[in-house]
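In the two complexes below, subunit A is the common chain; its partner is subunit B in one and subunit C in the other.
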Partner chain A sequence: MSQSSPTGSFDVASLVEDVNLRRVGQYALVVFFLGFFLVPLETGIMTAIKTNESVARSLPFAPPASEGFTLGNIQFALEQLSGSFFNSLVMSIPATIGSVLFGSMAAYGLTMVNWRAQMGVLMLFVVGVFVPYQAVLVPLARFWNNIFPLARMIEPMVASIPFFQGYHADLVPLVITHIAYGIPICTILFRSYYQSLPNSLVEAGKIDGASITKIYRRIILPISKPMFGVVFIYQFTQIYNEFLFAFTLVTGSDAPAAPVTLVLPAIGASTSGIDFGIRMSAAFLAAVPTLILYVAFAEQFAKGLRTEA
Partner chain B sequence: MATHDNTEHVSDAPDEAVGWESKLQYFLNSDFVRSAPYWGIPFVLMSIAVYGGIGYNFAISFTDYEGLGTPDYSALDLEMYAQALSSDAFIAAAQNNLVLLVGFTTICLVLGLFLAILLDHGIRFSEKFQTVYLLPMSLSFVVTAQLWLWMFNVESGILNLVVTTLGFNPVDWLGNPSIALGAVIFALIWQFSGYTMVVYLAGLQSIPDDQFEAARVDGASITRTYLRIIVPQLKEASVSAAVVLMVFALKAFTFLYALVGRYRPPNGTDILATLMVRRAFKFGEWAYSAAIATMLLVMALGVIGPYLYYQYKQGSL
Partner chain C sequence: MARLTLDDVTKVYTDDGGGDIVAVEEISLDIDDGEFLVLVGPSGCGKSTTLRMMAGLETVTEGELRLEDRVLNDVSAQNRDIAMVFQSYALYPHKSVRGNMSFGLEESTDLPDDEIRQRVEETTDMLGISDLLDRNPGQLSGGQQQRVALGRAIVRDPEVFLMDEPLSNLDAKLRAEMRTELQRLQEELGVTTIYVTHDQTEAMTMGDRVAVLDDGELQQVGTPLDCYHRPNNLFVAGFIGEPSMNFFDGSLSGDIFRGDGFDYPLSDATRDQIGDASDLTLGIRPEDIEVGERRSGDRTFDAEVVVVEPQGNENTVHLRFAEGGEGARFTATTTGRSRVESGDRTTVSFPEDAIHLFDGETGNALKNRELPSNRAIGAYISD
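Now for the complex of A and B:
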């Protein structure tokens, strides 16, 4: 940044020094914030692999000394969480696929094909992104518990599927709920992508006599693969991390169908307080699926967030 | 939908030379009808869930429903709203919510902008740093609440370690009602400032480099260039990030619940969202909590309405 300035006969040495100082300061700040964002995570991991005694005696962020090291906490937390991991995945995967597909379809119908009053429909989708879920919790609880108790109706059917128990039926209303409330954001994400595509793609298809369905399947779906990646990662993270719907529909942390996020705030707590070794282990195990996705696809995740704004 | 529209066309038919059969045919082949299954199915599902839910919630808020039997819609009144607006718990929660909304949004925007500018120019591996700064956003609030619960721990948390090293007395971060909300805001800023940074970076990257060149040729310092030339162009990024943050501040429930694992968050941090859920699911006061939820929705609409209008006027929707 400095080399091309027309410094002429100025004191070049002092300029270099100034620039270096600035650069050093800049990097120092970058590293400071690296610490700011990582310290809570690092402390958590260190606490997870320490014995209780070591947690009490050593500094929270320090790695455990040899006799203070244990995998017992992680093992215990894994046993406690394994069932709810399964619940979380059974809930998140179909819910993500459903909302992503519906979002892509809706965005296609609202972008690539022109008709009047599109804007009004689109507005309803956009508002749907921002609606606080508190405004629908009471209706949701009433609908799935009293008006249409789907979980109770399909319980025997779910119990007959291998690897599943009757209580997994509780996850079905949750999946449908997640799909329905995930549609707006998926639609908006896909729409921004479809808008960036050249209009000529669809026009060419139309001139060739392709139907709307054919254009979608043959032209739009194949070229939106990267966007499917972005939306899928974004939406999976959202649904896996979500708490409020599960809290409303599955209720307690001791319910057998509870996903991970519901179980976590109750783990390692007893009358004598919270066992932080176990709590931190559980927190990390709960975060593992989204962390893996994030480390592998950070750019896609960032793109999802950017488009949302 | 199709039948409704085709009757309209039938009545139009005499004005035109074309017969109604071919008009109907034309209509059925139109892009509107043929694209309808694509947007129509998701739209119906989403509308039932979002707008059906809001309508039902609105209806319940006018009753006195407390969970037994079915809501009685024969005597509708605004009693629940009046009751909420005159209750101390509601007022306190609304005040906390306002503090959270303003404090959290402002600091997140400022810090995010600072981080974006910090990484925007001349930093090696800046994408790696971005990835770390954004990492907390990929975590569930339930997880981050556990991490911060440990950070805030009175005896062995890191924050108190810092405080006592500096020679002060340990602070009960979550137990002291006048500090707790600030502590929660701090933790949420930790989680969200990476998000604002990403939004600002996208804005910064859309500004052509020759503006920096021109400013440098004119002899403007880097600080001046950013303050006078670059930051004013980030208005759009600021507005959209602010909207997302404010709406989040209104509905933030999970973090507060997960901190303590019970309906009542730490003293001094009760906000409308936690009050609403507690009233509904702990005490079964469905109508009362529906009224709070409606007011929460109105506030959220108060934030997003102007934003969408502005976006629509700009033609950027």
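Now for the complex of A and C:
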């Protein structure tokens, strides 16, 4: 790295000196990668606001000509997706909160409380991270449809909640499945954080007369706030974007309870061909919730990553 | 406030290979109501483990731990009514000073909120940290954190205080200040206190009694001056006192102790105390060695000054016997005004009433120094 003169005054000579091949190369690389990542994005946005005709005629990344510009794609995609947005959020938010909270509790119990056979249980959690989704799809579907048809059982109850319809009951098995599948990875993430906390905090709590659950609620839980930020974002993104479980348990894109990831592939496809403008608009809209989350929690996220490292 | 009793308390850990590691072996202690007992020893001697067993953070493998007549072995840490100050302070980082101090009262008592508030404020007043009540631990200096940790223990008004090297993270000046402050507080509150430290200065200055531990075993329990002047064995003699006692290995032939580079004649009275041990270790404290005062007699030897460490009020002089090998070094302390320099040839005298003799094999004390029948010292030494 170059060094400016210690007095802080502007020194032209040193500036000229700094322009060497190495620096030029560095900047060239930066510009290249900027383009590499931004051009597809720009192309996507441009496609989203072009009419289907304009998409076919103009270069993919060129802005639309005056008669080729439209907001109709976005409007159409929003109409198509609005129901599934609600479904997706109804599914992801409780599933995320559930898996993160249970993961944190399990990590606390496995890291900061001493009991026998703790290592064996931890191994089970680690194994849980590596169970492939594909292997459990069929048993999962059979369980929720034939052995324990929870969705059918609670349908009337769900229908009586304001803003909800009976078919939203189909999402409940999905939520439970996501919680169960998310707990192992959340536990492992929290565990590494809890291992870095001094054990004397728990000991001080014990001596102050607090029970194990009180120590969790009043000491450990508030301290792990930054880690909650990280795991929450990670887990929400995972669950919101998940396709296989949703596809297995809710079945098709035409099901009323279908989340965004199920509906997305079907949008803009018809017998007359694929409407790229609509597809692109829908894809951007689908990404909006995760983007909002990242922006909203950016500070917590950075803090959490820092504390973990 | 209560009396704490340890009866043959033992702690055994099982290592990964299934072997047993004895961390604390059959320690028996009787700590009186309101007493300040210091547990001292080198790192790894089991003093912290002993303290943690008292706190309920470690289980007792064997033996019995009692508070008054209540057996504590199976009582959880939450129900022991004992407060502890940790070496790292272990303050709750997300709570204010007030929150840190009231947490224990909220969890362990049914006191109403305003009563807790009042107790916290009284305690902070006593410690002079009332202006810090709404700060978080992260905003406090080390000394302030230390006071808060202390306050967290005091506010609960427990039966027993346990302190695990509470001053070791402070700088030297603050540590000396807190030492007297802690003593004052303990005296004022009159709570039975067990204080763990590896620092022999703290052990000497703070405790009513000192318990010296080594390798999981209790070496000696007594008043600080007792341990200083009448050590039970070589370990205690070497551990208590700074700079530490000089030891010379040697053997007895007739009435003469033959060390490396010097022969030391023993009087009949001393000879009688030794019994039939032949391998001996002679010990003498640095301040008892008389340097440079040429005295007639056969307990004076020629020596060479190797290094002088001036400390202002006194000098620590490292010496070597003129006739001894390179290894036979020892230290003496002289007054700060005496003029000795490295390379000087001088004489050293070991007065016979100041020497200790230890069994060379077991390390047990055979003869301790004689003390003048001075009431001032005698008052601190129990018989």
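In this section, the second predicted complex is superposed on the first by the 275 of 309 C-alpha atoms of A that agree within 3 Å, B and C clash if a C-alpha of one lies under 4 Å from a C-alpha of the other, contacts with A are read in each partner's own complex, and residues count from 1 in each chain.
The definition used in the following text is that a residue touches a chain if its C-beta (ideal position, glycine included) is under 8 Å from a C-beta of that chain, and two chains touch if they have at least 3 such contacts.
Quick caveat: nothing in here was measured; it's all calculated off a predicted structure.
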Touched partner set for A:Ser211, first subunit B, second subunit C, both or neither: both
Contacts of A:Ser192 with subunit B and subunit C, given as first, second, both or neither: neither
Which of subunit B and subunit C A:Asn52 touches, first, second, both or neither: neither
Touch count on subunit A, higher of subunit B and subunit C: B
Touching partner for A:Asn145 - first (subunit B), second (subunit C), both, neither: neither
Which superposed partner A:Leu244 touches (first subunit B, second subunit C, both, neither): first
Residues on subunit A lying within both footprints (that of subunit B and that of subunit C): 211
For the subunit B and subunit A complex, residues of the former touching the latter: 30-32, 34-43, 45-54, 56-57, 60, 70, 115, 118-119, 121-123, 129-151, 153, 156-158, 161, 190, 194-195, 198-199, 202, 216-217, 222, 237, 240-241, 243-244, 247, 250-251, 253-254, 257-258, 260-261, 272-273, 276-277, 280-281, 286, 289-290, 292-294, 296-297, 300-301, 303-304, 308, 312, 317
In the complex with subunit A, residue positions of subunit C that touch it: 55-57, 76-80, 82-84, 86, 88, 90-94, 103-104, 107-109, 152, 156
List of subunit A residues in touch with subunit C within their complex: 198, 200-201, 203-211, 214, 218-219, 222-223, 225
List of subunit A residues in touch with subunit B within their complex: 1, 5-6, 22-23, 26-27, 29-30, 33-34, 36-41, 43-44, 47, 55-56, 59-61, 102-103, 105-106, 108-110, 112-116, 119, 121-128, 130-143, 146, 177, 179-181, 183-184, 187, 211-213, 216, 237, 240-244, 247-248, 251, 253, 261, 264-266, 269, 274, 276, 279-280, 282-284, 286-287, 290-291, 293-294, 298, 301-302, 305-306, 308-309
